Amino acid sequence: MDMNEKPKVEEKAEEVAEAPRLPNTKEGRLVKAILEKAPYAEGSIRRERRVEFKVPADRIHEFLEVASEKFEILIQITTVDWLKEGEFELVYQLWSVSESVHAFVRTRIPRENAEMPTVMDIWPVAETYEREAHEFFGIIFKGNPRLGPFILEPREYEKHPFRKDFNMIGYVKMIYGEDFDRYDESKTNYVI
Amino acid sequence: MINDLMILIFAPLVAGILAWAFDVRGIREAIGFIGAAIPVVILAKTYQTVLSNSINYTITVGGFKLIFQLTALNWYFAAVAAIVGIAMALGMISTSRSGYEWLFALMSYTGVLGVFLSQDFIGFFLLWELMTFASFMMVLRNNRHESLKYFVLSVIGAYAMMLGIAILYAKTGALDFATIRQALYMDLSIGAISKGESALLFVLFLTAFGVKAGAFPLHVWAPGAYSEANQSYTSFFSGALSKAGVYGILLLYILMGAKLYAEFGTFHGHLTFAYVIAWIGAITVVVASFLAVLQEDIRKLFAYSSVGQVGYILLAFGVGTSLGFAGGLFHVLSHAVFKGLFWLVTAAIILQTGKTKFKDMGGLAEKMPFTFAMGLIAVLSLSGIPPMAGFASKWLIYEAAIQAHMPLVAGAIFLGSGLAFAYVVRFLYAVWFGQRPSDLDNVKEAPLPLLIGMAILAIPNILFGVAPGLVTEYINKAFGSEIVGGDYFKLVTPTGTYNALLVTIVLVLGLAIAGLVFLYGATTRKIPVTNTYQSGNPVIEDYNLSIRRNFYKPLAEALDFWLKYSWDRFYERIAGIAEDFADTLRQSFYNGNVQSYSWYLAIVLLILALWGVL
Amino acid sequence: MSERNDDFITYELQEFKLFEPLFRWARKKSLWIVAFCTGCGGIEMPPLATARYDFERFGIMPNPAPRMGDLFLITGYVTPKTLKRIIITYEMMQDPKYVMIHGSCPINGGVYWDSYNVVKQFDKYLPVDVAIAGCMPRPEAVMDGIMEIMRKIESGKADGWKRYRDNYEWYKKNQDELFGEGWREKEGKRWLAWI
Amino acid sequence: MIGIDWKIVLEVIGMLIYATFMGFIFMGIERKAMARIQRRVGPPLYQPILDTLKLLGKKESVSHGLIYDFGPVFALGATITALLFIPIANFQLFSSNADLIVVAYLLEVPMLGIMLGAMSSGNPYSAVGVQRGLLTMVAMQLPYGLALIAIVQHWGSFKLSEIVALQSVHGWSITVPALLLAFIVFDIVFQAMLGLEPFDIITAPAEISMGPMLEYGGKHAALLFTQHAVQLFAETAFFAVLFLGGASNLIELLIKQIAVLFIAIFVASIYPRFTIDQAAKFFWKWPTIIGIIAVLLTV
Amino acid sequence: MEKVEVPRELREEARKHDMYLHPIDKDTYELFFGPQHMATENFSIILKMDGNRVEKAIVNPGFLHRGFEKLAEQRPYFTNIALLLRICVPESDVPENIYSMAVDEIIGWEVPERAIWIRNVVLEMARLSAWMFWIMGFGNEIGLYTPGQWAVAYRERFLRLFEELTGGRVYHIYTVPGGVRRDIPGDHWLRQLRDTVEYLKSKLKDFDEILFDNYITFERTEGVGVMDRKFALKHAVTGPNLRATGVPYDVRKDDPYYLYDQLDFEIPVLKEGDSLARVLVRRYEIEQDLYILEQLLDMGPPSGPYMVKDPKLKNLPRFKVPKGDAYAHVESTKGDFGAYVVSDGTHKPYRVHVRGPSQSHGVTVLEELLRGARLADVPVILKTLDNCPPDIDR
């Protein structure tokens, strides 16, 4: 198990320096090939079969179009809500069947009125992922015709429950009543 | 007595002309109804007489002697026509919109009666044409295209018949049936008519009568014409007028049976010429029933169904045994009553809703309960549920076909009855059950005359179902031999029995037992269609919860190959021939010869007809 | 037939006087489960139906049609979205009908006690006859629960359906509180725009 | 007609009770045998009786209208009628008054009853079930008819009692080569008549959740279960009469019926379900060809 | 009842607000397929039907949504194991493993060899028991109940072994970050496992005879729900479904974890892409899994500890994980099952995102494949895609 994990906040500064020294491995060649076509992105290798790109939000569609030549499968779109920074981080996770490499494509957008272009035209499956990200985080994917209540009921959908500022306990109390038998607010950790 | 036959035949025509002349709502209906009722009265009056001796009537028109005769057999056909005729008149009281319809409906009534009663080819042909013309005019009023298709095929039939009559006249020098029959019988030993000529005669008459009966390759006019006339009239059109063709086939047997038998002999123990008729009937049953199952329009469905059911009669006649004739004749009656009933029900539905497609209907059972009950009786009768007239006649046909060792023909009947079951249920489902479209919420029960008309046709369905002996006894007497044994309630053939009354009693008993169990359970509470199993999902009326279109799509898919075969390939071949024809005919077209023009038109229209419908 | 009984609250239930003991015995021995597995517990249904446990010995049989069903097994946590369907299916079943909740989740939320999308107390929305604790209850426990329900049917204590009719107002209030008034129409209309 | 023959009345009542009971037991055998094949203990044999009693004992009953109520009643009534016209062992009942064609029709009539009720509920699943039921009937009608025709042509009689009598003299139908073919055809059709796999297309729980039976509950379903029981008895008896030489007493008949039933159960437990168009194509292929050969051999 | 065309924009606007548009097409009818239905269970499809053909299918998931990812943010790392495994009920070891692998990667733990071996065996056992469950599901959908009954009875053998190993029948809560929770009970357990594998191997031909080699099974599945390679990749189809279209992608080969790079096994690939191919790929995979398990048993458990030694593990509820993120995925019977864990250095994960394989093939792919299918094909397509609703809902 590689230990290539870094604190997220510092990453931005280091990536620039890292880009030129890509090792001459399968992953290195792949990243290099993509970076040549998309110089605006930053690429790095995390470990064997794991690579990472950082892309500005406005060029994400362009980048993914380039990346889709090598990475056939869009594994998922993960949204991370960085409340303190006031940003959503979108992680497009790609898998290359031909090269057996997994890629994170990271981008950050502001939390308020979060909007992204859809990538449905590249990977039709993105429809589902985007619907989900929209439902739980409220990010609007422009061009996706089916945004709306998907998994959730309309009432929960409006709250976008996976946002960090969604007060779950408060909401549960409001909806289902207060009579929890195992809840004590004074305790910091509770028994499940 | 002489006047009776005259009135019998021409009363409807006169009434029709009067109704047309006094084209006032109310008066024309009354006159028309009286005109249609007179034959019933006269036929009822003559019932006792005809069994012992026939009633004759002769008039001379323009040098030709027209002979009309009411024999036991004629009476049967005329009575069938009369029952349907009076029901039609009642139906038309509700549905007709002008004297025009009364005129031609009653004119065709006269034509049908005349055809049945004629004893010579002059009268037969003239009245045949009158009947054709009148029914053509009825179709023309609603749909020009379909009427032309009907016209073309009828013209072909008429030409064929005229040619046949001419040949017969040339060979025998006579036009009245008795002489012709005798002459042909004599010819067995003389041999003046060659084998080829008899074959030609057979084919010509088969074409002529097959067109009217809607037998398989010539049935293409029927669906369009049946569905495009006034639906009340269609009950007569399909119930009685198509029987003229069947009567013609019977006539063929009477006149030429011996001759044809002598010329063509037998094939595996069956009369060869009859075998042809049987197979035409069998194919008609199967093809028309399959097509009926796949229809999306209520009128088209019953039109194809009519074709199929007439196929049963042809098949029964084709069996060639006396039992076959008995079955066929019985089916003439039961088809007339149940199909007439169906068409009246259809008339009521169309009158009240203004829709003809299945996809626009549904849930009408609550709105038109009496019509629904009548429709249910017709359904039970058509699909051959035991204590109904439809079953008794079908039973006889089964027995006849299997006894005559025509297993594959009998297999066709089995298939046909399954298909009949399927299409009537589709009718039941699409029209009466399921979710009701919101625009049908204000539909009301059909008007009273129409309901009376339905009742008139519904009663024989049950009566002759429970007491089929009434019919078979008459047929026995008409033929002068004990074809079907038993009493009023019981049919006995040499190999099988069917006791209709017992079946009815046991069925009632069974229903009573089941009903008692039902009554013991909890009392029911009525729930709306939205409170049904929808996998747990809440639904509202705005969803469409009934299969409105393509109900039998799986069948269409299973028959994919055949449907494609008959539509595409056949069309292409015909189109190729049509082009050649058009080229050769174009020259004669420009020479101004009206005759060739009409031929050209006839053939093009025939091609169109075959393309459009088959 | 009779128009006056048009909703199940005003509907008068049939009383079988003579054969009631016979019917009660039959009810006990022939519990048909409505095939509606609402959660993880559904995974223990196939083992229950197969060789090792075989609940068909006791006349228990899953049946897809709710009209014929007797026993409603709530096999796990219930989300509001599912609860709507459960209520509709339950109301479709015919009296007498029994509800058995299966696992901790419908009792008090179980593992998902703080989840925004899991109903915490199932018995606020529908009456419950037997509850089985555990996550997830072993098939033996489920069988025990079924035996318990059989005992209750025999002694006439399995009266959830009666309670539902008697306290319909209360149940309806709780349901409406959770889903909002007119939820049936609203939920029904939801798909109209899509099809 | 006026004087009531008390003997026959007693026989009828006895036969109805016997047939209903045995029909339920047959249903129990079906479930039990299936369970044994699946290596389970299975329900007791009398389980279907309990199920029916329970359904009848429902305190609530819903209806979609008069026809919805009429459907099951009609189905049961027609099945009882069919039963009484089949010669069952030494009880001839009314079998001399109706022949094979009548009985074959009467055995199909209950279908209409079930369909009527199912259609009037307006449920789309039921409607699909109705569609499938009728198409199955259309599909199986041709081979079914051919098998019956072969029987009739060989024995030269439509009367069931006569067919039984002839078989007792000349040996069972299946000993005749042509009728053996007809037997094969009939057995395939029989699978569809009983609604077992591979032709349980009508109920198909995983596709249309029981199809026409879906909306029935309470006493309606109880009637239909009783109907199914009687029909099961009648159909197995019909089969035994046509091909297995009938029976001289009820025990013999019972053995033959159970034998017939077991063939059906074994086939059902190892074959999945066809789709409806595949079933139609299937029926119109091999069973029809074999049926045609059979009838041509008997001409 | 003529169909009135509603302008496209208006329709889209209406959909966004769940508004009600009138009138709807009366030619077709609506079939609400699930959740109270034998074939779907906890999943709903709204079918717009024309005759017996599906004209349009709309997937309506969410009956099982519990907000796992939100709940996981509220609970300590080790407690989350007990929560996340409930995502995939028939194969509950898979979420445990991916979560543990991801956390292992973030912390940088070297998991002991013995624990790796046990995890691998547990995963393969889970796969086999899930296959048995799938046989039952598939058999039931096409109306063949016998093999399903057998299969679920065989599955009980695995469940018993699981019970002895972990203490749980269905939910094992066994694999934890850093190793496994308990050691193997003893040699008898290994012997029993080998017996079970042998037994299942001998029974496989029964399934072949009755289910996989059945004429009607072929009729029902051949040419039903066909998807090609390109479609499958674009729609992120993974697992047996992808392999049935001719793409030899298997996480165990392409991104090997645990001992899979040391094991000898094949990836069955068929290229037809229809339901039959999907069924047969699964059939061959059962065989391969038995073979893998046999090899693992031949290998024997390595000696050593079954859990990492770390002093921080003393206080499990307050166990802190360093900042970082990791993605781990394994090959489940349904496909590529992955988890993405983000840690912000506290004792609770900052974000856990689970990728269920059905998430991709249970919505868009299903909707596409159902278009034009017969009603009878709907359950077949559902089951050959091996659609697992909790994957979508989570």
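Points worth noting:
For reference, chains read A, B, C, D and E in written order, and residue numbers begin at 1 within each chain.
As a convention for this text, contacts are C-beta pairs under 8 Å (C-beta built on N, C-alpha and C of every residue); 3 or more make two chains touch, one makes a residue touch a chain.
Bear in mind that the values here come from a model prediction, so they are computed numbers and not experimental data.
Counted as hops between touching chains, the shortest connection from chain C to chain E is 1.
Under the contact definition stated at the top, the chains bordering both chain C and chain D are B, E. Distances between chain centres, each the mean of the C-alpha atoms, put B farthest from chain A. Central chain (C-alpha centroid nearest the global protein C-alpha centroid): D. In this assembly, the C-alpha centroid of chain D lies 43 Å from the C-alpha centroid of chain E.
Each chain gets a centre from the mean of its Cα atoms; for chain B and chain C, those two points are 56 Å apart. Chain centres here are Cα averages; for chain A and chain C they lie 41 Å apart. Spacing of chain B relative to chain D, judged by their CA centroids, is 34 angstrom. Residues of chain D in contact with two or more other chains: 38-40, 56, 58-63, 69, 124-125, 128, 131, 205, 209, 214-215, 218, 275-277. Residues of chain A in contact with two or more other chains: 152-153, 161, 168, 192.
Those residues of chain B in touch with two or more other chains are numbered 521-527, 531, 533-537, 539, 542-543, 545-547, 551-552, 554, 557.
A list of each chain pair in contact follows: A-C, A-E, B-C, B-D, B-E, C-D, C-E, D-E. Within the complex formed with chain B, the residues of chain C that make contact are 1-3, 5-8, 11-14, 36, 65-67, 84-86, 88-89, 92, 183-185, 187-189, 191-192, 195. Put simply, chain C touches chain E in their complex at residues 34-40, 42-44, 46-47, 49-52, 62, 64, 66, 77, 79, 81-82, 85, 89, 111-112, 114-118, 135-136, 138, 189-195.
Chain contact summary for the complex, chain C toward chain D: residues 1, 8, 11, 13-16, 19-20, 22-27, 29-30, 32, 35, 50-51, 54, 56-59, 61, 63-68, 70, 93-96.
Residue ranges on chain E touching chain A, taken from their complex, read 12, 15-16, 18, 61-62, 65, 67, 69-70, 74-76, 79, 82-83, 104-106, 108-111, 233-236, 238, 247, 249, 254-255, 317-318, 322-327, 329, 336, 338, 340, 342, 347, 350-351, 353, 355, 359-360, 363-365, 392-393. The residues of chain E lying in touch with chain D in their complex are 29-31, 37-39, 49, 52, 139-146, 149-150, 153, 210-211, 214, 216-217, 219-220, 374-379.
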